[in-house]
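Each of the next two complexes has chain A plus one more chain, namely chain B in the first and chain C in the second.
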Partner chain A sequence: MGVLYLAKRLGWMLFILFGSTVVIFLVIHVIPGDPARAMLGPQGTPEAVETLRRELGLNDPLWQQYLIWVGRALTGNLGHSILLSKSVLELLGERVTTTLLLSLYALILAVLIALPISVMSATRRNTIGDHVGRLVVLIGLAMPSFWFGLMLMLLFSVRLGWLPVFGYVSPLDDLGQHFSHMVLPAVALGSGYAAMIMETTRNSLVDVLNQDYIRTARAGGLAERLVLWKYAMRNALIPTVTVIGIQIGYLMSGAIVIENLFAIPGIGRLMVNAVLSRDYPVVQGTMLTVVFVFAFANLCVDLLCAAIDPRTARE
Partner chain B sequence: MRLIPISAATDPLLEVRDLQVRIPTRRGDLLAVDGVDLTVGAGEIVGVVGESGSGKTLTAYAIMGLLSAPAVISRGVIRFRGQDLQALAAEERGRMRGSAMSMVFQEPLTALNPVFPVGTQIRDVIRRHTNLSDRSIRGRILELLDHVGIAGPERVAAAYPFELSGGMRQRILIAMAIACGPSLVIADEPTTALDTTIQAQILELLRRLVRDDGISLLLISHDFGIVADLCQRVYVMYAGQVVEHATAGQLFDRPRHPYTSALLGCMPAARDGDAPLDTIEGTVPTVIDPKALCRFADRCGYAQARCTEQSPPRQTFGVVQDALCFRAAELTLPGLVTPSLTDGVLP
Partner chain C sequence: MLGEFLRNLRSNRVLLAATVGLAVFILIAIFAPLIAPHDPNVQNLRVTLDPPSHRFWLGTDEFGRDLASRLIFGARNSLIVGLSVTLLSGLIGTALGIVAGYLRGIADTVTMRAADVMMAFPDLVLALGLIAVLGSGLDSTIIALTVALTPIFVRMVRSRVITVRTEAYVAAAKLIGVRPPVIAARHIMPNVLGGIVVQGALTFAFAVLGEASLSFVGLGVPPPAASFGNIVAEGRDYMIQAPWISISGGVTIMLIVLCFLVLADGVRDAIDPYQRGH
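Showing the complex of A and B:
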């Protein structure tokens, strides 16, 4: 993998991050209405509003406000929550891990479910197994994760009582409880993702298995196992990894919905609560975090792609 | 130099009898290969010529055991060193592919896996068929690359296919095909995708492998020039059948099937001064419901009524030559007049 390629991807990530900070900053400052007034609500006296405006630096020119804000953010100072007596960074720290764990479980689950089914589907094309697999994909793609989560909750928690209805337990406190709380949210979040991975992998594998180089491998007498899992899979996974990367945004927006449904104290819930209560520093902080995670995940995917496919890195 | 037998009368290395390849389609079963007889003797170079769609590649795939669904062998026997290949278990057949018999494909651009270095792809084949240590395999790969005329084998072995030219890739594929000392190599239009100069080099390489390594070569082509240059015997295929079989010399001097003669008339070398290049009118038919008739009749300049009413007989001439035509004995068909082309034929 070329150093040049790495530098390019890093540069691109920094550019995305820069663009996002501008957007996040402007969203709060350009929307009509006075943030200070909005924060204080109808009871706020004009004096209180003016004091808050000065505190928040709202009277300075916009670019200056932006630079100050970014400068502070870079040193980890994201301001204080207006409602909770905690720094934004503190609030984020507690919740980022939770959201990351939820997304990670969903991703692992999605890959574990999707890969074997897509391989089965592609190698036994047009059999019952293939048709069932593709039907599952269709259902998975059509089902909103919120509704699916709700159904899971009703069935497994309310009706059968096998799993807790909602809430969260840290893995440090009780690992077993942690997982039993995370199973349903992870399934609800991962199902749509699994469907996308399945669809992509099946189609790319079907395509790859018809390629000339697969015939070459067979002409060399290679065992079918090696042909499938090494010679075909490595090629078939290129689109899969790309889709996983493109859809990381989908995973993250899904996490926000699922966290709210299952009352999991993650970034998504923090963000929604902050928006509802107009806690602007927290809103900005959560958005920054999401963007950062997104950019970082995409960088990882790009590097993974380059590791799988030598052509990307050398072009 | 070893003496190469012209005819494969005694115990051929490869013997194909009455091969039929059937491809079920919506409109009915397509007989892409229909009753092909073919032999390759030890150390021989045998050509298969015919237009696009005549069933050459499917014949090769059937021999290699590489037919993929829905195509199946529906009739016939394929014997290799006297052994019936279709009686072998898949595992045994796999062990034979790439070691006893191997294949070089038409498209060097797509025949190599794009995400592995070419050395790795050769290594996997060698590893499959031998117990050599990784160290000796590495040595063997460099030796092979050198043998097929690649300069700087170390560098090339580490390269990915997209970093190599078409000619280089075809050399790699040839190296892969000969890696485990096969006795038969099937080359399916190995030079069609290459520039003329590279073409000549690759053909020279194949000729050298046959001469020095005792490999037998089944060379598929639609180019009579290449076949004339390399092959001792030639099968002419049309619409899934062998319509003529002869030594290269016989074929060019006195073709017995009108199709062979028409193909020879299409060769650039057959041009008489400024006379325009002939082409055969029409296209190769796809045979769904085999009727009792000559499949070439509708494009044939010598066709008579019986040609569309009955299947033509196979008529033999001398030891080697035979043709699938009613009028094979009576017609005197134009062959290839330019003698220079047959000069290159091996003794």
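Showing the complex of A and C:
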């Protein structure tokens, strides 16, 4: 993997981050309506609105407001929450690990479930197992994750009493409790994600298994196990890794609802509460964090793909 | 494409079931006031949390409102959101995709970089950011989901247009002096249409799921209006006494989305028969 490729991907990530700051800024500032008025609500007197407008710099030209905002964000100053009397950075710092852990567990679970099933599906095409596997994929894609979470909660927490109903325990306080609180949210969040990984892996593996070099490997008398895991998987995994990366966005969308369902204090819950109370600095901060995580994840995926198949880096 | 699709419909029972299912969903949504056995918003505190019965097919909620009627009217909101989002993002996405893919050059670069930036936001995050400013409501839900789901459309249409514009029949049309708008409308559009229909079906599914998610966290269609997300959210507090509320809401969402996914697959097979059974 060349330095040039790395530099290119880094440059692309910086461009995306720059673009997304423009979008986040414009969403709040250009859409009709006065943020100051909206933040103060109907009780806000015209004087109070004017004061807040001046405080937020809303009377300056737009480009100047943008530069000031980005400049501050770069130094870690994302403003203060209007509602929670804390700095936005502090609020994000308290919550970002929780969301990252939840997403990580969901990702690991999804991959562990998806890979064996898709390999089974692809190698035994059009058998009962394959049909069941594909049905599971469809249901996984169609099922709203928050509803699946609710059903898991109903069964495992309420009816059987095996797991806590909701809440969160930090891994630093009690690791066992941490996991028992995270199992159901991670399964609920990972289900749709697993379905996407399954669909992609099965299809790409079917494609690869039909290629000439696989036929040659088989004709040469290589054991089927070796053909599948050493030669077919390496090529088949590239779309899988790509979909895992792209759909991290899906995972983060899902985390918003799942955190709200299970009362997990993460970025998603923070964002929904900020939107409900029109706490704009927090809304901007959460959007920025999510985009950053997403862009960074995609950078990692690009590099991983280049490591698996050096040809992708040369294109 | 339509002929191939109809032929598939006869041989593929799953596709047939999904198509019939969607037709039923649309009819129920349109004729909701005629079909619903009760008023979806009338409260009757004497029958709160009643289990499914003759009088209330799917039981009642905490205010004694008939759940079946609420689901029927919820279908209406779901159809309004799904259809509006699909039409809007389909129209905008197709127009931008054709311009970018056909003209290439600066128009293409600007459109595609903008789409890339929009796609750096997970759908729901972008939608929530917009709702923060617009306020929650049916209109905001539609606008927010349209903005979030349009970039995929643009990208898909553009890549198809780029494939089609290098075909010999387009070159021939150019040579005999057909004007670009006519080429776009008569020669490129028909070949991009299939992809648009597939993407449209998927967008509809995402919009239904998106509306349900937004309503579930209290930022979609505001209660007391019936919506699938609201119904699941309301049932959440009565999961022990009345699990049927959340269960029926979720199952309905799942069935509708499932039908759209199967339909998208069916249309894809009809456009490209070689991919079938893949």
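Following the convention adopted for this analysis, the second predicted complex is superposed on the first by the 312 of 315 C-alpha atoms of A that agree within 3 Å, B and C clash if a C-alpha of one lies under 4 Å from a C-alpha of the other, contacts with A are read in each partner's own complex, and residues count from 1 in each chain.
One rule holds for everything that comes next: a contact is a pair of C-beta atoms (placed from the backbone, for glycine too) under 8 Å apart; a residue touches a chain by one contact, two chains touch by 3 or more.
Treat the numbers as computed from the prediction; the structure is a model and nothing was measured.
Superposition note: with chain A as the common reference, chain B and chain C can be accommodated side by side. Contact with chain C, but none with chain B, is seen for A:Ile28 once the two complexes are overlaid on the shared chain. When the two complexes are overlaid on their common chain A, residue A:Leu4 makes contact with neither chain B nor chain C. Shared-chain residue A:Tyr213: touches chain B; no touch with chain C. Once the two complexes are laid over each other on the shared chain, residue contacts for A:Leu154 go to chain C alone; chain B is not touched. Of the two partner chains placed around the shared chain by superposition, neither chain B nor chain C is touched by A:Ala48.
When both complexes are overlaid on chain A, the residue A:Leu14 reaches neither chain B nor chain C.
Contacts of A:Ala263 after superposition on the shared chain: neither chain B nor chain C is touched.
Once the two structures are overlaid, the count of chain A residues touched is higher for C than for its counterpart among chain B and chain C. In this overlay, which is a superposition and not a single complex, chain B and chain C have their closest Cα atoms 16 Å apart.
Interface of chain A with chain B (complex): residues 211-213, 215-224, 226, 230-231, 234-235, 238, 308-311, 314.
Interface residues of chain A, counted against chain C in their complex, comprise 15-17, 19-20, 22-24, 27-28, 31, 33, 35, 38, 126, 138-139, 141-144, 146-148, 150-151, 153-154, 158, 203, 206, 249-250, 252-254, 256-257, 260-261, 271-272, 274-276, 278, 280, 283, 286-287, 290-291, 294-295. Residues of chain C that touch chain A in their complex: 113-114, 116-126, 128-135, 205, 209, 212-213, 216-219, 232, 236, 239-240, 243, 246-247, 249-250, 253-255, 257-258, 261-262, 277-278.
Per the touch definition, chain B reaches chain A in the complex via residues 64, 66, 68, 94-99, 102-103, 105, 107, 110-116, 121, 124-125, 128-129, 160, 162-163, 173, 176-177.
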